[in-house]
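By written order: A, B, C and D. Residues from 1 in each chain.
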Amino acid sequence: MSLRDAVARHVHDGDVVVIEGFTHLISFAAGHEIIRQRRRDLTLCRLTPDLIYDQMIAAGCAKKLVFSWAGNPGVGSLHAFRRAAEGGTLELEEYSHFGMVARFSAGAARLPFWSLRDYAGTDIPQANPRIKSVTCPYTGEALATVPALNPDVTIVHAQRADPQGNTQIWGLLGVQKEAAFASRRVIVVVEELVDETVIRSDPNRTLIPASIVDAVVIEPWGAHPSYAQGYYDRDNDFYVAWDGISRDGQSLDRFLDEFVYGVRDRAEYMQKQPDLADRLKARARFCAGVNYGF
Amino acid sequence: MSLRDAVARHVHDGDVVVIEGFTHLISFAAGHEIIRQRRRDLTLCRLTPDLIYDQMIAAGCAKKLVFSWAGNPGVGSLHAFRRAAEGGTLELEEYSHFGMVARFSAGAARLPFWSLRDYAGTDIPQANPRIKSVTCPYTGEALATVPALNPDVTIVHAQRADPQGNTQIWGLLGVQKEAAFASRRVIVVVEELVDETVIRSDPNRTLIPASIVDAVVIEPWGAHPSYAQGYYDRDNDFYVAWDGISRDGQSLDRFLDEFVYGVRDRAEYMQKQPDLADRLKARARFCAGVNYGF
Amino acid sequence: MTVVAARELRDGEVVFVGIGLPNLACNLARRTHAPHLVLIYESGAVGAAPERLPVSIGDPALVTGSLMVCGMADVFQLFLQNGRIEVGFLGGAQVDRYANINTTVIGSYERPTVRLPGSGGAAEIALHAQRVVIIAKLSPRAFPERVDFVTSPGRRVKRVITDRGVLEPDGPGGELMLTALYPGVQQSDIEAGVGWQLRSRPTLECVDPPTRSELQLLREVLDPKRLYLKG
Amino acid sequence: MTVVAARELRDGEVVFVGIGLPNLACNLARRTHAPHLVLIYESGAVGAAPERLPVSIGDPALVTGSLMVCGMADVFQLFLQNGRIEVGFLGGAQVDRYANINTTVIGSYERPTVRLPGSGGAAEIALHAQRVVIIAKLSPRAFPERVDFVTSPGRRVKRVITDRGVLEPDGPGGELMLTALYPGVQQSDIEAGVGWQLRSRPTLECVDPPTRSELQLLREVLDPKRLYLKG
């Protein structure tokens, strides 16, 4: 399925949408496709909104942001986010990382809440009344709780999957597994489609099983400027450049016009930047395989 | 460190002891060493007591058993366990598998309890008052709870580790990670000691980090008659034979005399059974490696 | 019995498999009408394609060539509790009038006559699989009016497949009723195998006998050593 | 400041590392007195041995050649909440008299003057690391008497390393006091950089200046592009 068709079918106005990936494997391709299809009133959830949600906020897709750290990692602020947050035009629901991880964990386990030892002495629960507490039936200790997060759709970028959607990831795993299991619908976007026998040769690497996947999309370089371990490096130069691009709305709009609205898909995005592949392509650093025999 | 020294140092009379591994990677070598060192009054915890706890119960090591399924997998009863349970000479604390998994999960997260949707309509909580409930602060739903399990010592058998104790496992993972993180002390027993560079070449396979490991022991074939994926097969013939051996106390004692008390260590145990290695050695079925480059 | 159980499964379903007859039934279904069945074992093997008949649910043959291997916390939280399992197979020492299952004790819990293995994953399979199918041989001891201990509640049981016919609850959580007979079996044969006054559906179905190819697969390919097929 | 932070670390400790100066300090310590330091990043990289200075805590260089990579649920539950982290480094836009840190908002939460990134893992690092070390540059704006928003409570803070000297709480959860000066810095320089009446220990330590080899490592090996070292 093309990413265009997958987004058209599975991402609707007003949905709770998750594009996860902690620095690694962030599906910029899917974010751009959602912008191109002009989805509106989305509740965007992610630990780290990163550049992709900054772009989606700027493009007017977001009604609300659920998050735990909204910055440009290693650089500074997310300016579109800041303009919206400081201007009061974007609804915010804010946790810490552990709180967001716990919300996905609860969602993935289909429990209504998750307990964690957190928030004592912080002002975060005052800013977010959805952080509550529960009393341990054994010790009487009060523990913090967060409510389950069950998105309408989660989009996971991965190194490889088979045609059914059995998906393998290595390197940083973030909360991709939890987000996928928590979600009503799951779109997997991969660097490479592989035969089922490749998946079956190393089953411990499978993070997401086909039985919870609704669409499999092949999109090489679909995570750029984020990265895919073993495929291409993070484009730090772009993260730094985004600070300048996004500081005012006009230059940000010009970026969207050129690199999002101005291209039909990721292939065209890559054609516009023929140097990317050379500059960022990963070097080989293969591990040895292990024996699954008996 | 030798297994003898590791058990002498880290397993004490009266301890709460966990030898985990679901069918796969059960450290029979450690169980036998504990029997040889005549530890007493242990609280033995495991989802599936399996033959190893049946032997430890028969040898008089156990005061109490905490478990969720006490049978000889694929064969029938655990007879030493049944004699003790039916005779009332062994204290039992019983959960379902999910309950035990949840106890280890809580222990590993250092939370006092874990919530799960379970036990409605079953008689299990009547048999075990430690199963309680908690009310969801969001939905008002009553959920079952189990208390954290934090063993004094957990023994994990694994395919390989480096000298510091960074431990890699593939194939069935059971609750090895949770049990290790829940435990005050951790002994890792491995088929192979490998260089740190081997571990570092494939970090996603590491299940247990050195920082929580107290002793690393090299013990090839240390899981027999359980198995180690990629090293040797499960000895189903022995599991079947155990049914006969353990049906009466005398033949069971003869087994212990010959194969446990009668040998100094696992190497001698293997020398007594020279056909084992040939019969059970794993065939090669290597997977390909993946690229960790950037 | 195994053949009837296999026919319970639809192609593409996600099935939580126990060892023994359920395992045999699932592998039979995979080789006949349901090649895309996804077998999940509580050991953590997902989409297993075993080259030999696994002797335990933790058999290494379930890992080699499977689609995914995950820890048991994921099996119970992300698959079962999450509601991702469509069919769960259970057996048991006792099954009662309301399809409750006992695999814990015969007699009292504190001083049992027979201490059975206990729940394992059976309690949560019964609570979370969308559809629970029981496989058990008829006898008044195995089918008492009330089990000595409820290990797995009967609420989600859709069908009880026995060696002589099929029972189904009269609505969710209802009393088990006879709904189908195997060829050549009389209604009274089944009533005699159950410890309560068994009611029957007004019109009883007759189960098709095993085909030659089903039997051949079972006896020659799947369980040639007769590990689970007896008699 | 980075050198003083590096010296905080003892060989073999398990350190939760943030990006920027803490990362630089940890990598400096690893190359000098603490080769067995175990660096854990909230991204899930454990025992990282980066070949280049990572630009973010999710940099691929933290994965390649690390000892373990785990999911973030494990980072927060099995490492942090479990109490396995010995030292946690934090920075912040504001640090107050009781070592509370603010990385959330300047001004009111509802209508902030400056919207900062928020907690990330800072709240739980502050609550669960056995020993918390803060790195921050002195200025009355950065060190107000009371932060506008408590993102990370100061209870476990053991030391605040600034660009001019070191502050320490007067007992757990106590008021920050000046305890050490960098060479050539006057007590009044530090008092001027703090928004409250700063008290001092009766006898102030004097911090040893960076050695030539520490400076060389930092400037030529660890951060040759001056990504984090400024001025």
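Just so we're on the same page, contacts are C-beta pairs under 8 Å (C-beta built on N, C-alpha and C of every residue); 3 or more make two chains touch, one makes a residue touch a chain.
The structure displayed is predicted, hence computed values, not measured ones.
The set of chains in contact with subunit B as well as subunit D comprises A.
Greatest centre-to-centre distance from subunit B is found for D, with centres as Cα means. For the pairs A-D and A-C, the larger set of C-beta contacts lies at A-D.
One simple way to say how far apart two chains are is to compare their mean CA positions; for subunit C and subunit D this gives 57 Å.
As a whole-number value, the distance joining the C-alpha centres of subunit A and subunit B reads 37 Å.
Note on chain placement: the centre of subunit A and the centre of subunit D lie 28 Å apart, centres being C-alpha means. The distance from the centre of subunit A to the centre of subunit C, with each centre set as the mean of the Cα atoms, comes to 40 Å. Multi-chain contact residues of subunit A (touching two or more other chains) are listed as 110-111, 116-117, 170-171, 173, 177, 201, 204, 227, 229, 233-234, 282, 285, 292-294. Multi-chain contact residues of subunit C, defined as those touching 2 or more other chains: 45, 60, 63-64, 69-70, 77, 81. Working note: touching chain pairs come out as A-B, A-C, A-D, B-C, B-D.
Within the complex formed with subunit B, the subunit D residues making contact are 14, 38, 45-47, 49, 60-61, 63-70, 74, 77-78, 81-84.
Looking at the complex, you find that subunit B touches subunit C at residues 22-24, 47-48, 67-71, 73-74, 77-78, 81-82, 85-86, 88, 94-98, 101-102, 104-105, 116-124, 126-127, 170-175, 177-178, 227, 229, 233-234, 236, 239, 282, 285. Put simply, subunit A touches subunit B in their complex at residues 110-113, 115-117, 132-139, 141, 143, 145, 147, 159, 170-171, 173, 198, 201-202, 204-205, 227, 229-234, 282-294. Chain contact summary for the complex, subunit B toward subunit D: residues 108-111, 166, 177, 181, 196, 199-201, 203-204, 206, 209-212, 292-294. If you check the complex, the residues on subunit C that touch subunit B are 19-20, 42-45, 55-60, 63-64, 69-73, 76-77, 80-81, 100, 104, 109-124, 126-128, 149-153, 155.
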